[in-house]
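Order as written gives the chain letters A, B, C and D; numbering starts at 1 within each chain.
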Amino acid sequence: MTIDVLLFYAFATMAIGSALLLVSIRNTARALFLLFIVLFAMAGLYLFALADFIAITQILVYVGGVLILLIFAFMLSNKELLHDLQRVSHRFIMIPRWQALLLSAAFLSIMLYSFLSWSKSMPEWIETAQMNGTVISPADNNIQALGFRFMTQYVLPFEIISIFLMMALIGAAHISRKEQNA
Amino acid sequence: MGALSILIFLPLFAALLILALPSSLKGSYRYIALVFTLAQLALSLYMYQQFDPTLGGINSISGYQFVEQIPWIRLDLGQLGKLEIDYFVGIDGVSLPLIVLSSFVMLMSIGASWHVEKSVKGYFALLMVLNMAVMGIFAALDFFLFYVFYEVMLLPLYFLIGIWGGARREYAAMKFFIYTLLGSVLMLLVIVGLYFSVVNPASGAHTFNILLMMNPSNYVDGSFFGFLGNYHEVFGVPARLVGFIVLFFAFAIKVPIVPLHTWLPDAHVEAPTPVSIILAGILLKIGGYGIIRVCYSIFPDIAADTNWWLALIGVLSIVYGALNALAQKDLKRMIAYSSVSHMGFVLLGIASLTAEGLSGAMFQMVSHGFLSAALFFLVGVLYDRVHDRYIYNFRGLANIMPTYTAYVAIAFFASLGLPGFSAFIGEAFVIIGAFNAEAMLTGVPRWMAVGGSVGILLSAAYFLWTLQRMFFGQTRLQGGEKWRLALTDLDTREKIVLLPALALALVLGIVPSLIFDNLNASVIQLLDTIKPYL
Amino acid sequence: MNISPIVASLLVVVLPFSAFVIQAILGRRSVSGNVALMAISLSSILSAGCVFFVVWTGEATLERITWFTIGTKSFSVGILLNKLTVFMQLLVCIIALPVHLYSRAYMKGDDGLHRYWMYLSLFCFAMLGLTISINLLQLYIFWELVGFASYLLIGFWFTRDAAVQANKKAFLINRIGDLGFLIGIALLYAQVGTLDLVELFGKSGFFSTETAVHDSLQLLDKNSAWITCAGLAFLLGAMAKSAQFPLHVWLPDAMEGPTSVSSLIHAATMVAAGIFLLCTVFPLFNETVLLVITGIGTITAFSAAIFALGQYDIKKILAFSTISQLGFMMVGVGIGAWDTAMLHLATHAFFKCLLFLCAGAVIHEMSHVKAHTNLTFDPQDLRNMGGLRHYMPKTFLCMLIGALALSGFPLTAGYLSKDSIVVTAFEWAASHGGSYFIIPAALILVSVLTAFYIGRLVFKTFFGSFSFREHIAAGKPSLHEPPSMMLWPMLFLAACSLFPLFGVQPLAYQQTWIIRGFHVEVDYPAQHAAHLFIPLGLTIGAIVAWTVGWQWYVKQKYPLRVDNSWVQWANRQGYLNELNDTLFVKGTLKLSDLLYAFDRYVVDGLTKLVTWVTQRIAVFAYWVDKHIVDGLVNLSANTTYYIGHLARHVQNGQLQGYMGFALTAVILGILYLIIK
Amino acid sequence: MISITHFLVVSAIIFCIGLYAVLAKRNAIMILVGIELMINAAILNFVAFSRYDKINYGGQVFALFAIVLAAAAVAVGLAIILNVYKYYKTIDPSNINELRD
C-alpha cells in the first residue's frame, strides 16, 4: 500500500465522516462548517483522480462562493429555526427520518451492488482507452489541455453556460431584492 | 348413520337444542343434558354389550367394530396429489372401555353441575360440545378427523375453565390452553408429514387414514417418515424418531408426564368441579389413548427403541407426582398431583411392552377415570359448603359428616390401591408387567418396576395422612361454628353421583374381566405389531 | 352334614363377609353383634367339622375358576385345601370365636359399636380368605384386606390422635411389606409365569410328601439371583406383617385399638400371616434367604424381649412379647423346620390371645375404678396395679396359665412349641457348626428373658398391694371379676394353652399331632442329647427368672433405679421410633417439600420463564411491528395511497414527500432491473 | 493508481448522505447542502472517469460546468429561500405545502 492510497483513504474517510456528521448534527451553523471540510476533502479526492484544475475550482467556487452564500442565508433566516426544528410533524405524507435513512440505505446498497458487480468488467471505452494509452497521467498538463478544449471543442457550451450563469445571478438578485409594494 | 356416529353427535344435537331454547326455559337445560347423556351412556353400554371381544383391531380394519367410513373431503391438488380425508370411525378393544368411561364420567359431570347458576345456557352447550369432541377423539380412525376433534375439544374447555373457574381462572385457562395447543400444533406437523409419506394403495392418493399409516408397505419409499430406506434426518436425528417424539410430546402433555405437568394442578384447582371431573376422568386418558393408538401403532419400530426412556419418564412421574402430592396443603391440588402419579403408571405400563403392563395401563386409565372423578367430586362437595380446601383448616370431619367421611375413605383407599378396587388391578399389573418386561426382553429394567412400586407406598402415605389430618381426631374447624353448620352431610344428589362411580370401581376390582376380556385381543395384536422390532 | 370340604370352606369365608355386608347395610341398627357372632360360630363349626377333619386325615383338594385373562395368561381364583391351609383356617376360627364372645361384653356401650362388629366381620372374612387362597395374587388381595381391616380397627376410636397416628403407621409399614410381597409376586411371575400355588408347588403345597414337585419349580434354579430376590421380597412382606425387626414398630403402637382387637389381630392371627406366607412359599427359599430369615428372626426375638423389659404399659409388654415370639417362628422357618414354626404359631395364638384377653379384663376393671373414683391415671400402666389377685382370682389364674405357657413351663403348650424350635435350631447349628451356635444360644437367652418379663407383668399386676385400695374401700367394691361373657372365653383359651390339646405326651413335641401331621423332613441329624438338656435348661432358666422376678417385684428388692438409662432405653424401644421419624418420615416430608418447591420454582418456573421470554419476544415483535413492519406497511400503504389517488393527490405540496416517493419509485425500478 | 471502484464507492456514499439530507432535513438550507453533496458526488464520478478520456477531457469539462451550475443553483436557491422565509417565516419545507391544489 503506497502513500497515495493511504492519503486517498484518509481523504475519503474525512469526506464521508464529515458528511455523516453533517447530516446528523442538529446545529445548522456547525453543519455548514462541516460542509466546508467535506468540500475540501472532496477537492483532495479530485486530485487523486488527476483533476488538479477541478480541485482548485472546487475550492474557489464552493468554498469561496457557495459556502459563503449558505452561511449568509443561514444567518438571515435563523430567527425561528430552532423552533422549527423541534416541531415534529405528524403529517400523513411526511417522510420520517428513519424512512429517509432506509431509502438512502436502499439506494446506497443498490449502487454499491451495481458498482461491485460492474467493476469486474470495465466499460468498453475504458478498455480501449487503456489499450491505446490515452489515459491521463500525472505528468500531463491538465490546465493547458482544458483551456485548449474550452476554446475549441466546447466553446458553444462554454458560452451558453456563461450566459446562463449571468441570468441566474441577475435572477437571484432580482428575487431577493426588497419588495417595494409587498 | 351408525350407532357410533349417533353416539358422537348426540351431544351436539343436545347443544343445538339448548342453544335454540329461549332463556326462559333455562331450568330445562340441565334436564336436556342429563337425558342426552343418559341416552349416550345407554348407547355406549349397548355397544359394549354388542362388542365382539375376539377381534383385535389396532391395525386391521377388519378388527374394528361399528366402523363407518364415508368420504369426506376429496380434492385434486394437482402436483401435490389428491387430498383424501374420510369420516372414518370405529372402535376396538382399546377405545371401547374409554368410550364407556367417557359417557359415564360425562354423566357424573352433569350431576355435579346441577346447581350451576352462571349463564347456564352457554355452560351446558359447551359441556355438550366437549362431550362430542371427546367421543370423536376416541372413535376417530382418520388422523385429520382425530385432529379436528382434538382441537374442538380444546375450546369448550378453555371457556369452561376461564369463565366458570375459580379465582385465578384466566391464568389457569390460558396455561392449559397454551400447553395443549403447543401439543396439537406439534401433532399437526407430524400429521402432515405422515400424510405425505403414506399412500392409500387402493386409490393411489395420499391419505390421513390411521390404519393405513400403520402398515409399512403403504409408505412411499424414501419419504420423510418412510419405513424402509429412510435416511431423512432432523438435526441429526432420524425422521421417524423425531415424528415419534413429537407425537409423544403432544400426548405426553395430556397424560401429563413430568415435567410437562404444570398445567394440571393449576387447571384442576381453578376449574369448577364438573370440569375437574372431566379433566381428570377423560382428558388425561386421551394422552394415554393417543400414545397407544397413534404413537405405538404408527411407529412400532421407534416404540420398541424408546421404551426404556418412556418407562423412565413413567417412573419419574409416579415418584415425583406422589412426593409432590405429599407436600400439598390444598386438597384439590393434592389430588391433582396424585393424578400425575397415577397416570405415571399408565406410561410405565405402556412402555413395558408386555401384555400385563399394557392391559394394566388401560385398566389403570379406566380405574383412574372413575376414581379421580369421584375424588374431585368429593373435594367439590366440601368446597361447595365452605369455599375452602385448605387441609389444615379442617379436622375431625368424621364427627360431623360421617357419610361423607365414609365416601372419602372409600375413594381414598380405592385410589391408593386397596385390593378389591380397580386401582389395585391396574397398578399391580403395571408393576407385574414392568417386572415381566425383562423376561420378555423389552428393555425395561426391573429397578424401574421397583421405583414404580415406591409410588404405591407414597400414595398410601399422602392419602392416609390427609385422612388423618382432615377427618379424624377432635373436630376443629377454621371457620368455627359457622362452618359446622354449613358442613352438612351428603345429600341425595351427591350420593347418586358418587355411588355408581365407587360401585363401578369396586365391581371392576372384583371382576376385572369386564375390561380385560374386551381388551386382550387388541393388546395381543398391538404387541404382535411391535414385537418384530424388539 | 354332607357338604364337600370345598363348599364348606367357601361358606366359612363367605359367612363373615355376608355378616359384614348385613351390618354395613343395617348400620346403627345392629349393635348387638349377633350377626357377626352367628357368622363366626357357623364358620367355626363348618371349618372344624366339614373341612379340617376331612382334609387333615384325607386328600388335599382344590377348586378354581378363571378369574380373568390378560393377553394369553389366565389368572384363577380358587380354594386350595391342604393340611396347612385347613389348619390355619381352623385356627383363625377357633381364636376368633372366643374373641367375638368376649367383645360383646368388653365393647358394650361403645358409641361406634356397629362399626366395630362390621370391621371385625370384615377382618374375619379377609383372614379366612387369606388362609385358603390358591393363587398368590388372591392371597395378596386378602393380605392387604387384612391390613385394611386392621387399619380400621386400630383407628376404631378415631377421635383419639394416638389411635389415628397408630393406624396410619401400621398401614404404611404394612404397605412396605405389601410392596415386598408384590415385588415377590411380580418376580415370580416373570420367572415362572404363574402365580398358582398348585402349579408352583404341587397340590399339597409345601407339605408335599409326594416325590415329584411340580415341573415349573424344577425348571427354576433356586439359587439364581432373581429367585433369591423374590425370596427376600416375600420375606419383606412377611416381616412387615409379622412385625419383624426393624419393621416391628407399628405393632406396639397398634395397641391403641380395643384390646379384643389386639388379642385377635395383633397377637394371634394377622401377625401370624407373615409366617403363614413364608410357609406357603417355603420351597422357593434357598440357603441364603433361609439364613437371612433366621437372622432376622433371632434379632427380632432378642430386641423385642429387651424392649419388653422396659415397658410399663401392660399391652405394650404383650405386644413386644408377640414380636419376640414371632421372631421364634421366623427362626423356625429359617432353619427349615417350619412345622415347629406352625406349632409355635398355634400354641402362641392360644396363650397370647389369652394373655391379651386377661389384660383386657384387667384394663376393663381398672377403667371402672377410674370412672368410679374420678381419679386420673392410665388404666393400662403396670405401676398403677398390684394385688389384683384378691379381687379377680379367676382372671389371675388365666393370666398365670398364659404366662407359664409363654415362659415355656412343662405341661403347657408353650413348652412343647418353644422347645421344638430351640431344639431344632440347636440341631441345625450343630450340623453347620461354628458361629451358627449364636442362634440357639440367643434363643435360649431370649427364653429366659421372656420368662422374666412375663413374670414381672404377673407380679406387678396381681401381687403386692393395690395402689388405689383406699379409694375402692370407701365406696362399693367396683373392682371385681369381669362378667362371665368375658370370663368364659378366657377359661376356654386357658384350657387350650395346656398340653392336652396338642398331644398326649406333655414333654415330647415330636409326638404332637401337628408335627406328625405336617411330617417335615429336615436334612440334618437329630441330637438326642439336646432333646433332654435344652428343655431342662430352659425350664430351669425360666424358674430362675421367675424367682428373680419374685424377689425384685414382690419382695421389693428391686436393684435398679427407675431412671436407669438401660431401662429408659428399653422403654423407649431403643429410640427406633424417633430414628424412623427423623430419618424416614421427616426425610420424606422434607424431600417432598423440596420437590414441591422444585416443581413450583424450577419446573413451573421454566414454564413461566418460557412464558416471560415469549412475552418479551412478543413485546419486541410488537415494537418491530409497530415501527418497522408497520412503517413499511405505512410506507407501502402511502405509496398505494398515492398511486390510488394519483389524480387528486399527485400534488400535495410536500416537497420531501415527493422526493421520497420519486426515489422509492426509482429504487423499485432499479431493483426490478437488477432482479430481472 | 487508485482504482475507479474506490471513487465510485466514495461518491455513492456521499451521494446517499446527500440524499438523506434532502429527504430528511427540516431545514431548507440543509436540503440545499444535501443537494450540494449530491452534486459533488456526481462531480467526483465525472472526474474519476475522465482519467480514461485524454482526448476529449469530457469528464473534467463537465465537472467544471457542473460546479458552475451548482453555484448558480445555490444562488437562485438561496434567493428563493430568503423570499420564502420572508413570506412564511419558516424554512421548513413540510410547512410549505401551498403547492397543493
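The rule we apply is simple: a residue touches a chain if its C-beta (ideal position, glycine included) is under 8 Å from a C-beta of that chain, and two chains touch if they have at least 3 such contacts.
Because the structure is a prediction, the values reported are computed rather than measured.
Participant: Going by the contact rule set out at the top, which chains touch both chain B and chain D?
Facilitator: Touches both chain B and chain D: C.
Participant: Which chain is the middle one, judged by CA centres?
Facilitator: Located nearest the centre of all protein C-alpha atoms is chain B.
Participant: By the contact definition above, name the pair with the higher C-beta contact count: A-D or B-C.
Facilitator: Answer by contact count: A-D.
Participant: Quick one: chain A and chain D, Cα centre-to-centre, how many Å?
Facilitator: About 6 Å, centre to centre.
Participant: Round to the nearest whole Å and give the separation of the Cα centres of chain A and chain B.
Facilitator: 77
Participant: Taking each chain's centre as its mean C-alpha position, how far apart are chain B and chain C in Å?
Facilitator: Taking the mean C-alpha position of each chain, the two centres sit 35 Å apart.
Participant: Could you work out how far the Cα centre of chain A sits from that of chain C, in whole Å?
Facilitator: Each chain reduced to its C-alpha mean, chain A and chain C end up 102 Å apart.
Participant: Two-or-more-chain contact residues of chain A, please, as numbers and ranges.
Facilitator: 91, 94-96, 99-100, 103, 107
Participant: Residue numbers in chain C touching 2 or more other chains?
Facilitator: Expected reply: 652, 654, 656, 660, 663.
Participant: Two or more other chains in contact with one residue: find those residues in chain D.
Facilitator: Chain D, residues with two or more chain partners: 19, 23-24, 94.
Participant: Any two chains that touch count here, so list every such pair.
Facilitator: Chain-chain contacts present: A-C, A-D, B-C, C-D.
Participant: Residues of chain A touching chain C in their complex?
Facilitator: Counting only chain A, the residues touching chain C are 91-96, 98-100, 103, 106-107, 110, 113-114.
Participant: Looking at the complex, which residues from chain C come into contact with chain B?
Facilitator: Against chain B, the touching part of chain C is residues 67-73, 137, 140-142, 144-145, 148, 155, 158-161, 164-165, 168, 171-172, 175-176, 178-179, 182-183, 185-187, 189-191, 588-589, 591-593, 595-596, 599, 603-604, 606-607, 611.
Participant: Okay, in this complex, where on chain D does chain A touch?
Facilitator: Residues 2-10, 12-21, 23-30, 32-34, 36-37, 40, 43-44, 47-57, 59-61, 63-65, 67-76, 78-83, 85, 89-92, 94-95.
Participant: Give the list of chain C residues in touch with chain A in this complex.
Facilitator: Within the complex, chain C contacts chain A at residues 631, 635, 638, 652, 654, 656-657, 660, 663-664, 666-667, 670-671, 674.
Participant: Can you tell me which positions in chain B touch chain C when the two form their complex?
Facilitator: 175, 178, 258-259, 261-262, 320, 323-328, 354-356, 359-360, 396, 398-399, 413, 418-420, 424, 428-429, 431-432, 434-436, 438-439, 446, 449-450, 453-454, 456-458, 460-461, 464-465, 467-468, 471-474, 511-513, 516-517, 520, 523-524, 527
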